[in-house]
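Across the two complexes that follow, chain A remains constant while its partner is chain B and subsequently chain C.
Take a look at the complex of A and B:
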């Protein structure tokens, strides 16, 4: 299994296009960091406009590495699924397109094992992408902007997290994001089984993610409590839940707490179910598939 | 003789015998004027409906005539506008017309109520109401209305530093505006639980509990920059 995984990883990381998402992420992060470095105050003034009448806002202290990383993740975790789909959507369909899929399945390795290895290779790629993102968005921002307490603007609440209470939340959030992006990888992987050309599964995955993300953000009575809770895109934002603290009776944030951990774990469970469902469906379909390419 | 004695007793108890509000204010002011500067450490607790912030360790610096700074050396603290009045020295600066507004209760005791109207028509302060503990010459509560920052209230409890007329605990209350950002900007995670959005335009408060003061030992000007 390990040898097969190494072969798959070699195939992924040998292709130049694998590195396009790494380059794209680096470019986007650097642009956002540059923008916030020179005009971060305008961004904060917008976010805190209703507070500035009642409070003195220390903008220079609020614009720190932790906040910058949060802003970047907020922006990029919507686009990164599309980058994950580039590799995961290609992993089977790309072989079919090149005519190597038939050669692959005649080897003495079961189709289930082959597919599992290919999926794990996609997950490893996703993790590599996230580590790259973490290094640039978090550690580079900490270096460029310094650290301080983190202020998070929510819909109706402004949260403050002590600087000593932030890093573990990022680790948890990146861990969660790995599962969230693996769900997208699993979807692209499933679609990849049905195609002989990688463009189809990549574009389909991107389209599905975009449409479902829009649906997840819409507020429609009845739909809100019936369909929305079961869309996987509704749960992809749960990484943010790690940055929401519980409050005591007087409204003060409790350091080290998470506002609604059961809800995050439920979201995590739903995403894991989706991954299991997508991968199982891919294996079942692939086992029945008559491979002609 | 009996009636004469009764007369003196009544007169001695009557408010007319009590000091005038001007004199009372002068005495309170004289007491506060003994403080040239201080540096106080304490904890600050913010209670605003739309703010979820942890308790903070703060240092409060004051220097006459009217400089005040609340600093959190270990992080960020959002300081309400108008919080400069938590130092009563700042509140009593300037020329006022002083009015006697009778008696009321504050901090569980009967206090003298004095209203201050600034003589300067362009002053930011519109009206200040002070609740003064007459025998101890301490301000227990102050309600201030300004042109720029609305109305706020300061309540003080005294303890260890009562000799210097410096409070152990200050609660600063103020009015806040609505806070709401579009969901399309914040992309909040909806965990499915029922949310009760904080009431808009509610009152907020900041409570500072002082643990120690360093009084009249000098505070560098650089602190206030």
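Take a look at the complex of A and C:
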């Protein structure tokens, strides 16, 4: 299994197109960092306009690496699934299109193992993309903007997380994002089984994610308690929950606490169920599939 | 519809491949219909048919790329359905185009497929394979820069890298220039004669099959037309003679009452095919005149192309081979 995984990763990381999402993420993050570096105060004034009448806001203290990373993640974790789909949607259909799928299937490896290895390879790719994002969004921001307590605005409330209490929350958030993005990878992977070129599964995945995200974000009472809780897109942004602390009763955040951990774990469970469902469906379909490409 | 049925030979070794009643239906279209054939060790088995005849579908079923609708495939004496991995470990194949990873080098492609076959290839093994197909000098060039012939040879190297007992090559000379065709032909002969590999090679280039195949199978519209030894098909004692008449109903009636009845092999339109010793042709001519059969033409069939033209149906075959 390890040998097969190494082969898959070797193929993925030797393809020039693999690095396009890395370049795109770097470009987006650097653009955001540049903007905040030179005009961060205006951005904060805009974002906190509803609070500025009630509170004194120390903009210089708030604008630090942790907040910049939070802003970047808020912006990018909606777009990155589309980049993940580029590779995961290509992983079977791309082989079919190149004509190499039949060369793989005639090797003495079971189709189930072949597919599992390919899925794990796309998860490794997703993790690599997130590590790259973490390095640039968090560590580079810490370097450029320094560190301090992290202030998060929620509706009309401002939450302050101590500097020493932030880093683990980012690690947890990136861990959660790995599962969230792997769900998108699993969907693209499933669609990839049914196609003989990668455009179809990539576009289909992106379309499904966009439609379901819109549905998840819409405020329609009919859907709120029926459809939305079961859409995977409703749970993809639950990583934010790691930055919402329990309060000590006097308005201060309790270090190491999370406001609603059961809700995060429930969302995590739903995403894992989706991954299991998508990958199982992909394997069952692929085992029955006639390779005609 | 098999015309030449081989008698069971007690000296014949156990078959490498034994296919019985193989059928594949795509929705309502029957691609392969009740196909049965046998391949023996160290033979070059020619698998002939026009485009769409069902060759690739059959070979894909032998390689588990396509699941048969019905029938049984036994390779190395094992059932393919229940012993897939054990069988594929001993099989190497190139199906249709030799598609490889264009962004990798020849060396990387070969190494990758060797590892997928469970090997830990060393430098010597990979170099030997590339030398065998004449690509050692281009080992570290990207496959995207290769000509069609080079890709084909590298495809064969990937099929051979794990030293399989059975090699399946689907249309290996497609798209190659004459020199490329000769190279592939020599390679196939080398594999069979010197390395004692069993080779199944499909083609629609019948002249190529004549030069290399020991036994062959011709299929058309998914059905077996004929299976037999190539030298037997061209045995003077087994010459096929085509008789064309102006009045086929009358000719059929007269032939059925003559001693040539037992030689009648097939009738298609106004043509009759008789199998006989070549030396008997003058007697046949004489008898036909005596019987008053209105003969338009009478000629022996002596090449595989003629064989194919006679045995398959559509006019497009004639057009394709008479260019």
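Heads up, the rule we're going with is that the second predicted complex is superposed on the first by the 289 of 293 C-alpha atoms of A that agree within 3 Å, B and C clash if a C-alpha of one lies under 4 Å from a C-alpha of the other, contacts with A are read in each partner's own complex, and residues count from 1 in each chain.
We take it that contacts are C-beta pairs under 8 Å (C-beta built on N, C-alpha and C of every residue); 3 or more make two chains touch, one makes a residue touch a chain.
Here the structure is a predicted model, which means the values were calculated and not measured.
Once the two complexes are laid over each other on the shared chain, residue contacts for A:7 go to chain C alone; chain B is not touched.
When both complexes are overlaid on chain A, the residue A:250 reaches chain B alone and has no touch with chain C. With both structures placed on the common chain, the touch criterion links A:15 to chain C but leaves chain B unconnected.
By the touch criterion defined above, A:264 reaches chain B but does not reach chain C. In the superposition on chain A, no contact is made by A:226 with either chain B or chain C. Annotation for chain A, partner touching more residues between chain B and chain C: B.
Of the residues of chain A, not a single one touches chain B in one of the two structures and chain C in the other. Across the interface of their complex, chain A is touched by residues 26, 60, 63-67, 84-86, 88-89, 91, 93, 95-97, 99-104, 108, 112-113, 115-118, 158 of chain C.
Contacts from chain B toward chain A in the complex involve residues 45-55, 74-76, 78-81, 174-193, 195, 197-198, 204.
Residues 3-4, 7, 10-11, 14-16, 98-100, 102-110, 288, 290-292 of chain A are the ones touching chain C in the complex. Residues 47, 50-51, 53-58, 61-62, 74, 78, 148-149, 151, 153-163, 165, 217, 219, 229, 234, 237-241, 244-245, 247, 250-255, 259-260, 263-264, 267 of chain A are the ones that touch chain B when the two sit in their complex.
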